[in-house]
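First chain written, first letter: the chains are A, B, C, D, E, F and G, and each begins at residue 1.
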């Protein structure tokens, strides 16, 4: 920690002399300790892939699932503080329901992502609250086509062809920058994604078949079984 | 305590440089000093079992009971600060009543658990309050079948086949990971649960017959008497 | 005071690293400096007994009385900060009146005690307030029978056969654990209670005939005169 | 000041480790610097007597008067911060007017005193305010008879046969405990009261004829002139 | 500054261990740096006299005037922070207008002064604000006759025959205690007042003819011209 | 900085021991770094003159203008923080519009100035805000005639024949005290004003023809062109 | 950092002794780390030009675009914290929609810019929030003609012929002050703007064709393609 940093990092409403918001940076550290997840667009849709960390076998399967549906053709995966993530996902679901009441359907995923990110930004600007300690990848199909966004604790959002969050983010992005192909089919894209995920694993770490979900341009949402994934990867 | 930790652990809205929320971690310490309790699913339902700590014989029996009914077929057991637990259980009961007014019955235990946990999460994000110093195991029967959740001071929830909270949590989970059987009948499950509880007791500590409650898939709720338990365990 | 404690004991919304709420513990110290009082169930009702501390003879008798009626068949005795106690007793009386407006009578003393204790718990969780520096023993008759509760600054409540608060709490409880008999009649119970109170007095301290009130199962409330008490004790 | 006290005495919502509220104790110091006043019940009513401190002869007589009427047959005398006293007396007058609108007359002086003291207690429990730096003696006649109460910065109230506040409180009480007679007539009581007041004066301090007011059981309120007092005392 | 004072003087809601409110005392320092002003009752009314400090000749005459009308027969003069004074005078004018709407005229100047002083007291008891840095002399004629009050930053008010505020307060009061005569006529009273003002001037300070206003019992309000004053004083 | 000052200058609601409000004094420093401006009454109206600081030629002319119209015959010039000035000018415009809706026209410029200054005073008395870092000269014609006021960060207002704000305030006032003539015509007054402005310039600083606006008693508002000014000055 | 600065830079509502608002200055540092952007008026309209920083090729094109439309003929470009910028742009869009509902069209771009800047100013004056860490260039066509404004974290706005924000601001402005020509045609202006942008690049930094948008006086909005730009520049 640099000399004098301590004076600027204990209250969210305060800039440091070099214009940084330390609380937001520390919230990103909470994300960096989360499980790795990624999103990839392919020729006919968009994939969400999430690392499966070894956890107690006493836990129910559904409780281990990181990929969550927000609406019929929009899903997300999060990394960071579990309770913060749940609260934001519920918020996203409410936004979606309101949109559907107004327009009959979710017309634009970007609007949804913005509203969630605005919520996150506010928690970086007002006193008396802390930022959300979570990053989110949103993936889905809307009238524009396949969409893939991520949002971090600062409330910044970007749209991607492929992106990653969590502990292995840097390694996955490195891998994807080299290997990603926009015109890959679903199977190839899953292969690339899983390879990217593996590239982020520490040596000797136990590999578990990751979660994979695909939202296809023909508006079908598929969650792959462990067997399907292993067959695809082979 | 690590050097510099003190600067980040006195206000809930502040992350430490490594992305931790110390106040939540300290609230977990309050839970770790609470009595041990566990939940176990068995073939035809789900059990709640709670350690009985030696307490004044001047106390009324009902005041010693740790297992509480929330609704007809949902119960819970808590560990941590007693008054915080009571407030959250009352909150859960109100949620259940509202659900019953809207839908005629409690359709989904997960919804109930989420609402309680959302309440807990908020107390980790806003200034001017402290987190709840309590963990809760929820057990019950809904349209999905037997359900078993726990929630901790951060507001994280998970669904389990078997789980534990309180002072002896780690030892009980160790035991259960080895001995838990999903297809055990009620009697066997009670035996496993009580053995797990005993495994967490310090050497020389006085053993008292624990509280045991069973919520069965045929929608009956049974609290076992001391005699029944001792007969079962033998 | 242990090293570092000071950092965690000046704001109620903050846990210490070992999960304690120092402000609540300090509020208990205010109670420990209060006068000793106790409650005892007997065969046909429940007693409240309160130490009489030597005070100015210029004070009016009613101002010295520690045992207070909340409703026809519910009384209480408090120990700790006098103004806090008065505010909570008034709160209890309002709760009772509301209950009577809704149901015609106070159906359940436990509900009353819970509402007072919830008020106390909130003052341990929110910023900008301090906990109440008071413990209360509630005694009464409802449809369940004779009831006896206490509540401390944390907002925890328990139901008892016999309990005590204030400076002599530990000694009185020690005595009662040995001598308390559930099937004692009123006279015997008063004897046990007064003996317990005496056991808590410091050597050489002036003994004054304590206040004694009895709420009997046939729904009569009796406050004993000094003469009646002295005759009974003899 | 004891070692470490400083850490607990700068915020009203904080208990010290031994369960004290320093801010309330400091407010009592403001009272201890106020002028001495006392109240005494006599056979047919109740007296208020207040020390007259030597003050600028440029001040108007009414501005020097410490004894204030709250309602027809209720008066008070205060000691401590002047502006705080005025605000609380105005508050008492509003309470009385409200009572008279509801019931036609002030039925019970204790209710009035409680409402003022509740106001004082709240300023000892909430952040963002300081306690009132004032003690008040209330005296009057209601359906119960002659009443005499005092209230201090903590919001505690007591009913007395005779009581005192301000700089000379301890000496006056000492004197009264020895000399007070419940069945004294008005003249005798005034003599006792003034003698008590004199007993609290520092040697060599200038004696000025005190203010004396009598509220009699036949519902007359009399403020004595200097001449009447001097004649009575002789 | 005494040892340890610093700990108690930076937040208005905090008493010092000896029961003082330092912020109020510091606000009085702001008053002590203000210009000297005084009020004097005479046989047929009441005078306000204010020192004229040498100020830029570029300033307009009316902007230099310290004596302000509040209503037809009520005036005031202030000392301390100029903007605080203006805000309180406006507040007083609004109070007067409300009174006139309700009762047709300002019946009682004491009521007016109390409402202004209550406003000042509140700023000494609540957090998040500072006391008003101003003292005010109010003078006027009401149904009681000629009235003369002052109010200081604590919100204390007193009624006087003659009083003073500002930098030269002590010297003016000293002079008045010796020379003030209740039955003086207007001319004599002006002479006494101006002599008192002069007595407070530092040696060598430039004397400027002060402002003088007279509110007479026959309900006329007169502001004297420089020439009239100089003629009177000669 | 004097010893101990630091303890009193970081929160606006706090007086220093000698009765000063440091935050207000620091806000005046922001004004002292602003551009110099002045107002001068002349025989038939009132002038506003503002220094023109050398600024980027990329800036649009109107953005450089310091003299702003508030209403038809009221203008102002500010010095200090630009955004604070804009907010207060907008506030002044709203006040004027409200007055016009109520009375058909702006009857009294003093009322307008008071309302702006009251706003400024409040930001010196309440916590959670900082004072406005700006001084304002208001000039205009109303039913009283030509008016000229200034207001500083404390919220104090004064009416002047001639006044100045900003970096060169002291020098300009020095010059004006010597050279100002009340009965000067417009041309002469402009000459005096510009000479005063020049007197405040540091040696070697680049002189730029200042902004000059005249509000004349016949209710015409004229902003002079650079050419007109230079011709007048010659 | 100068000695003592630390005491004044951690709370937005506090001035430093020399009248500075450090938090606003630190927010400007966040802007100085943002990408460089500029606006230039030309003969028939106004241009926005933004640096393109090398970023991951996994990012979607639209997510990289810095130039944003606010309404049909108003655009903007921002530099600084991404989420803050998005929130302010959304705010600007809402303001525009409200204006259009009221007046049928956006009559005046200055009004729009003022409302955004007022929002920014407020976050520099109230406690409990931090300033926005963003500067914005607004460009558009309204009834006045081509308009070009910028606004910085203090909430100051200025109108320009040409301006710049972000990391390369100083170099771009230097270049423009020398080379800017008011009567340049669109092609020439683009050339000057891009040359200015290049002048701000560090030696050896990778040049990427910047974003260029033109809002023309005939009310057409054109975003140039990379090819068009490269052809124009050649």
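The rule is simple: contacts are C-beta pairs under 8 Å (C-beta built on N, C-alpha and C of every residue); 3 or more make two chains touch, one makes a residue touch a chain.
Keep in mind the model is a prediction, meaning the values are calculated, not measured.
Each step here moves to a touching chain, and the least such steps from subunit B to subunit D number 2. In the contact between subunit D and subunit E, the residue numbers used by both copies make up under half of all numbers at that interface. These two copies of the sequence, subunit A and subunit E, are related by a rotation of 155 degrees on CA atoms, to the nearest 5.
Centre to centre, using the average C-alpha position, subunit A and subunit G are separated by 30 Å. Between the Cα centres of subunit B and subunit G there is a gap of 55 Å. Touching of two or more other chains is recorded for residues 11-12, 127-128 of subunit B.
Taken in their complex, subunit B has these residues touching subunit C: 1, 6, 9-12, 22-23, 26-33, 56-60, 62-63, 81-84, 86-87, 90, 123, 127-133. Per the touch definition, subunit E reaches subunit D in the complex via residues 4, 7-8, 11-21, 114, 117-118, 120-121, 124-128, 148, 154-163, 173, 176-177, 180.
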